[in-house]
Amino acid sequence: MTIPWPPLSSLIVVPALGALVCLAPWFSSKIDTKARFVRLWALGVSMLTLVILAAIARAATMSHGAVLGLEEAHQWIPSLGITYHLELDGLSFAFCLLTAIISLAVIAWSAKPASAGAGWYALLLLGEATVMGAFLATDLVLFYIFFEAMLLPVLGAMALWGGAQRLNASLKFLIYTMAGSALMFLAILYLGWTARAMGHTLDGNFAFEITTLASMKMLNPTEELVLGLAFLLAFAIKIPMVPFHGWLPDTYREAPHGVAAFTAALLGKVGIYAILRFMWPLFPTFMVQAGPYLAAAGAVAVVFGALVAMAQKDLRSLLAYSSISHLGFCVLGIAGVSTMAMTGAVFQAVSHGLITAALFLTVGAVIDRQGSRDFDRLGGLARSIPLTAFFLMVFSVAAVALPLTSSFVGEFLIIVGSWKLFPAWTTVALLGVVLGAVYTLTAYLRTMFGPLHDTDPRTGGDIRGFDVVVLAGLAAAIIALGIFPADLLGMISPAVEVNAVPSVVADSSVALGFSR
Amino acid sequence: MEDTRLALVVLVPLVGAILSYVLGRAAPRIAGILATAAVATSFCFVVSLWQALEGGQTFSFTLSSWLSFSNIKLPLEIYFDKLSAVMCLVVTGVGSLIHLYSIGYMAHDESRPRFFSYLNLFIASMLILVLGKSLPVIFIGWEGVGLCSYLLIGFWYTNPDFASAGRKAFVMNRIGDLGFIVAMAILYHSCGSLDITVLNRPEVLARIPSEMGFIAGIALFLAATGKSAQLPLFTWLPDAMAGPTPVSALIHAATMVTAGIYLMARMFGVIELAPLVPAIILWTALATSAIAAIIAISQNDIKKVLAYSTVSQLGFMFLAVGVGAYSVALFHVVTHAFFKACLFMSAGSVIHGCHHEQDMRRMGGLAKSMPLTCLSYGAATLAIAGIAPFAGYFSKHAILESLAHAHNPYLHSYGELIGLGATAIAICTAFYMTRSFILTFLGSYRGEGHPHEAPMVMTAPVLVLAVLSVVGGLVLNHGFFTYLQGPLPPVATHSGGGILGSVLGSVPGLIGIAAAYALFIVTPAVKDQIRKVLWVGEKVSSGKFFLDEILGLLVIAPFRGLSVVVSRVLDQSVSIGTGNAIGGISRAVGELTCRVTTGQVSTYVLWMFASAAFLLYCFLPVR
Amino acid sequence: MDPITSYLGIACLLFTIGGIGLCLRRNAIVLFMCVEMMLNAVNLAFVAFSKIHGNLDGQVAVFFVMVIAAAESAIGLAIILSVFRSVASIETTDAAELKW
Amino acid sequence: MSFMEFVLAAIGIASAIGVVGFRNPLSSAFSLIVHLLAIAGLYALLGAHFLAVSQVVVYAGAIMVLVLFVLMLLNLKSESGRRIGIVRSALTVGIGLVIFLSISAPMLAQFADLPQATLEQNIKSSEGGVKAIGELLYSQYMVQFELSSLVLLVGVVGAVMLAKRKNVQLMPREGGMGGVK
């Protein structure tokens, strides 16, 4: 595929450069005291990234029908066989779109921590650049670099402007992710070595590019098992799946609202994306054997997240566990060989990204204005801040996966798709959906309905100006995706089929009921 | 055949909802008018489409390509045939009357725009439910209606009980929707499509394996119980009376609660796949309507009486579904919509008149001060009691008759028993309805203040519905079943059977009325003795069979406990605990290893010397 | 054993004696002397090797070892002096603060 | 082994054991000097005359004098206090033995089979006179030679820096000689 105009790496370079410019002297806190100009600059950069993405997508769809398949490959470290290889197909387009929208929303959100100046916007833009890179890279080493790099901006922002316990929360977050990805890096190196040892690579040195590695079919089942588990651990911590979610409550309790929204919406999705992009092609037999266990982990996560969320006292950790529950659904989706379930999982991941970001921002607005985040101090706010209450209602309804919202499309496809492969786990996940309705509505009821708690008139006041536009934009995106998901689904399903499914179906021993 | 009018039927209330809120905030008065106009126009469109429906012709319209990608085709398509025509007529017809009524009822409420916008949103989702061409589209309406009922029940959200009543309704509906999704998953994988026209074809149904068919049938019935308040999941309906009365009239009497029966009628093929499913439906329906009838007897809140009467009448409709008489069930749906909406609205006028007083013990003697409302309430009571010329008689009689012809293998030996039970329930219905009539309208006024007749804008729709509940039965009795022959299976019925037949048919109603009249008017003293003798029954009935408490014990408490246990044990100690434990272990190992540095030079030299010795011994090419 | 290789034996022996002295003694200067002794043993081995191989590289190596030994002794004694100044005792057991 | 070599070797080993054995550091210093001289003798016997002389001048002369100077300066008594534990010394000797065996065995094995003839011829050619070593030093090992000057420079500067009197006044603990203020 020829390098499209504008080139794929512009999606990474533009935000990165924007971040650097943010740190320029003229944006420093002395001159631009209330960080107004740097915010405009950051807004411009993130909008530009969105426009570039749209331009690339339109150019691609026009040139060869719905299937997107743009690549950009350069030699990076020839001696080590590491190539700078980016690829944009339906799968990564969906996630890049999510990244662009979420970063734009978080940057546009006015309520940043008081002490944060230009650095806030620089870190957010850097975050966008690295996450975009993670979604585009198809060279394992390049992916690993972005996989690690995307952690730092979020970590920095949290450590600098987080809550009281921010330092050990960010330390815990760092160590958890590092531990996971260290194993993955070993696995990547092993892959490179076997590629070279088997003499498949043309120039006789390592090969890390996913398509070449996948086409080699060089791993015997035990290797696949071990490497698969290594990869799975890294992504399990990232998503997070249930037993590995130790870092999540602290991170989401301590991170500033914008960063929590960014992390919840994007970082988890890289795990889901990577399982589809890398694990299915590289370790097909392992994934098929691990299918039921993955589905089990997903279903358990849904119920576990819902149950723990019900017992939470404060709004932010309730959101944290609810995102564990929703992502459990995505994991259930990608566990089995079914185009419908996998496409549903990707769509659910995108829609969950939008919804969680919106929820975190709205809840952030409520918490900032009411000064407290636990339920017994909040209550009866619907009268004092009606607009926020309306938006919170819309997003809670979306979170409960009501039809005509994007999350219903995702959940419906996952349930119907994976019912044939794992009927038991799908029913368990469905139970989680009901529990989801319970805790979401209880949270809404305790914060918005009921008598007004504190007698003093709330000084906070409702959300105003640009924030309303941001929330309205997110709500519009959620409902639009809910009513007209066909074209995005049309983009995702061929990419999912090309990526995950044929390598399994072609393998005759595993012609598991490949359902529609 | 594509027809844009069909799209307008759904879109007009939707737009109405948005406009009435946006414009309403500026001028609250417009909201009511706008909303009613929207539903009325939608009603006109439905009537015009209904006129155009002859022979097997049907209309459909694709709003969006929704879930169609690669080889999966699930478009957002709505479909208009005879069955949905009947339902649409009821929804929009009764809906517009109720909108008109609520302009008056909610006149003094300052958040009127929000009320009317939710009401319109409800009508739109109900229409989507009824017009859905495939099960997922029906599911959109299904959950949309659930959401609107949640919003409307908890409309006066400052009162925490109302808000939690709304949540209770939504969660119970959600449990039902669980079944809906499971059924969709099964049907999709075995029949390959979820289109209702395709699903009812015998050759498609043959493809479903038997036990899957049974699970699908039961799942669909679970969904119906959630929505139409049948035995396991009906305790939300009485609590839903927390919402304003027009809401109870529209949602919890006429439209939403009948969605379950509509779904059963649409999916009659799947329901009848396994013969056990209709039997289960029949038994649950009988139990529900019996329990509800008994509870209704001892209720003192006028709206609660009507709520339990709705549950009981819904039980009746499911009885007809159980024996396969789907068009009979729908006939009862239509007539029930008329008289139950009329009852609720007149109750609303009474409450409105008595300054929001709902307790019947502080009413009485309102016939004099509210003649029109008393007239309509009386007519509707006679209709629901099943007295000859009124609408209730025809539909209830048809149900009792179809029970007699039941040909379900599981029900042979119990045929007459069910018939007897149904008649007993009919008597009960007549009894508690007359009791409520007597307590509110006859005798002397027991409340303070002086009740006044509701304004014309409220009494007019009530009177219209009263007329319908009088005349409706007669008009529809003959043409209704043949009209629904197309989409639904035929049902064996005969005409009313002349004067003698109608008198015989209304005997249960008359008995009930006579008993109530005797007990409450003629010899009130006897009432107290009976209450003392049957004190156990009285305790159980007023305690609502302790269903709420049982449900709380069996479902809510375990889950709440489980969530605390899971959160404390599994989450805190296991996942976060292990994380911290690993941290602790590494620190302990660290402390242990640093003991090696004793600070003594000699130890270091000794270590160095020893390792040198070891290495030399290993690596020098000895011997 | 022919004459030259016996030198190697002696060198090894001296080396081990120096090592043992290094481990056992506590006085810094005696340690210092034992190190000198080990260096000398190595020098001896160097000279023996240069004798066996017949070229002078070994001896040049010894020369450099001596240079290093000289520099090392200068620094070593300076360190011992400053340790003595701070801890007022030359015992290695007394200067044992550098630990966890 | 000629008689002379035997004597010198014996003196060397005895003085080596003396260095380790003597309690008083002064006597171990003198025993080290004797040891160095014995080794210098061995060098001479092996034909490394230049080394023998430089050994005497540099090692015995310069370094040992410096050591004695420091010993005198600090006026140390013999090691006080507790004796070295038997277990520890036995362990160290054991390890020493292991090292000795693992070094000497291969070395001796390596050269045991050297034919006598080549051995004789090699001894002749490796006469280590000053001229021979000088030529070699300034031709082949030029770089190392310059570097060694650098090392010496560092040694000197280092020594001055370390031994410079710091203005830190520290109270000395008992036992040792009154600390140099």
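General remarks:
Order as written gives the chain letters A, B, C and D; numbering starts at 1 within each chain.
One rule holds in what follows: a contact is a pair of C-beta atoms (placed from the backbone, for glycine too) under 8 Å apart; a residue touches a chain by one contact, two chains touch by 3 or more.
This structure is a prediction, so every number in the text was calculated from the model and none was measured.
Once CA atoms are averaged chain by chain and compared with the all-protein CA average, the nearest chain turns out to be A. With C-D and B-C as the two chain pairs, more C-beta contacts join C-D.
With each centre defined as the average position of its C-alpha atoms, the distance from chain C to chain D rounds to 5 Å. Centroids of chain A and chain C (each the mean of its C-alpha atoms) stand 64 Å apart. Inter-chain centre distance (chain A to chain D, centres taken as mean C-alpha positions): 69 Å. Averaging Cα coordinates per chain places chain B and chain C 96 Å apart.
Residue positions 88, 92, 95-96, 99, 103 of chain D are each in touch with at least two other chains. Shown for chain C are the residues that touch two or more other chains, namely 19, 23-24, 26. Within chain A, not a single residue touches two or more of the remaining chains.
Those chain pairs judged to touch are A-B, B-C, B-D, C-D. Contact residues of chain C toward chain B in the complex are 19, 22-24, 26, 31, 92-93, 95-100. Residues 172, 175-176, 242-247, 249, 304, 307-308, 310-312, 339-340, 343, 380, 382-383, 397, 400, 402-404, 408-409, 412-413, 415-416, 419-420, 426-427, 430-431, 433-435, 437-438, 441-442, 445, 448-452, 483-486, 489-490, 492-494, 497, 515-516 of chain A touch chain B in their complex.
The residues of chain B lying in touch with chain A in their complex are 63-72, 76, 136, 139-140, 142-144, 147, 150, 154, 157-158, 160, 163-164, 167, 170-171, 174-175, 178, 181-182, 184-186, 188-189, 559-560, 562-564, 566-568, 570-571, 574-576, 578-579, 583. Contact residues on chain D toward chain C in their complex (touch as defined above): 1-2, 5, 9, 12-13, 16-17, 19-20, 25, 28-29, 32, 35-36, 39, 42-43, 46-48, 50-51, 54-55, 58-59, 62-63, 66-67, 70-71, 73-74, 76, 79-80, 84, 88-89, 92-93, 95-97, 99-100, 103-104, 107-108, 111-112, 114, 116, 119, 121-123, 125-126, 128, 132-133, 136-137, 140-141, 144, 148, 151-152, 154-156, 158-163, 165-166, 168, 170, 172-173, 175-177, 179-180.
Those residues of chain C that touch chain D in the complex are listed here as 1-10, 12-21, 23-27, 29-30, 32-34, 36-37, 40, 43-45, 47-48, 50-57, 59-60, 62-64, 66-75, 77-82, 84-91, 94.
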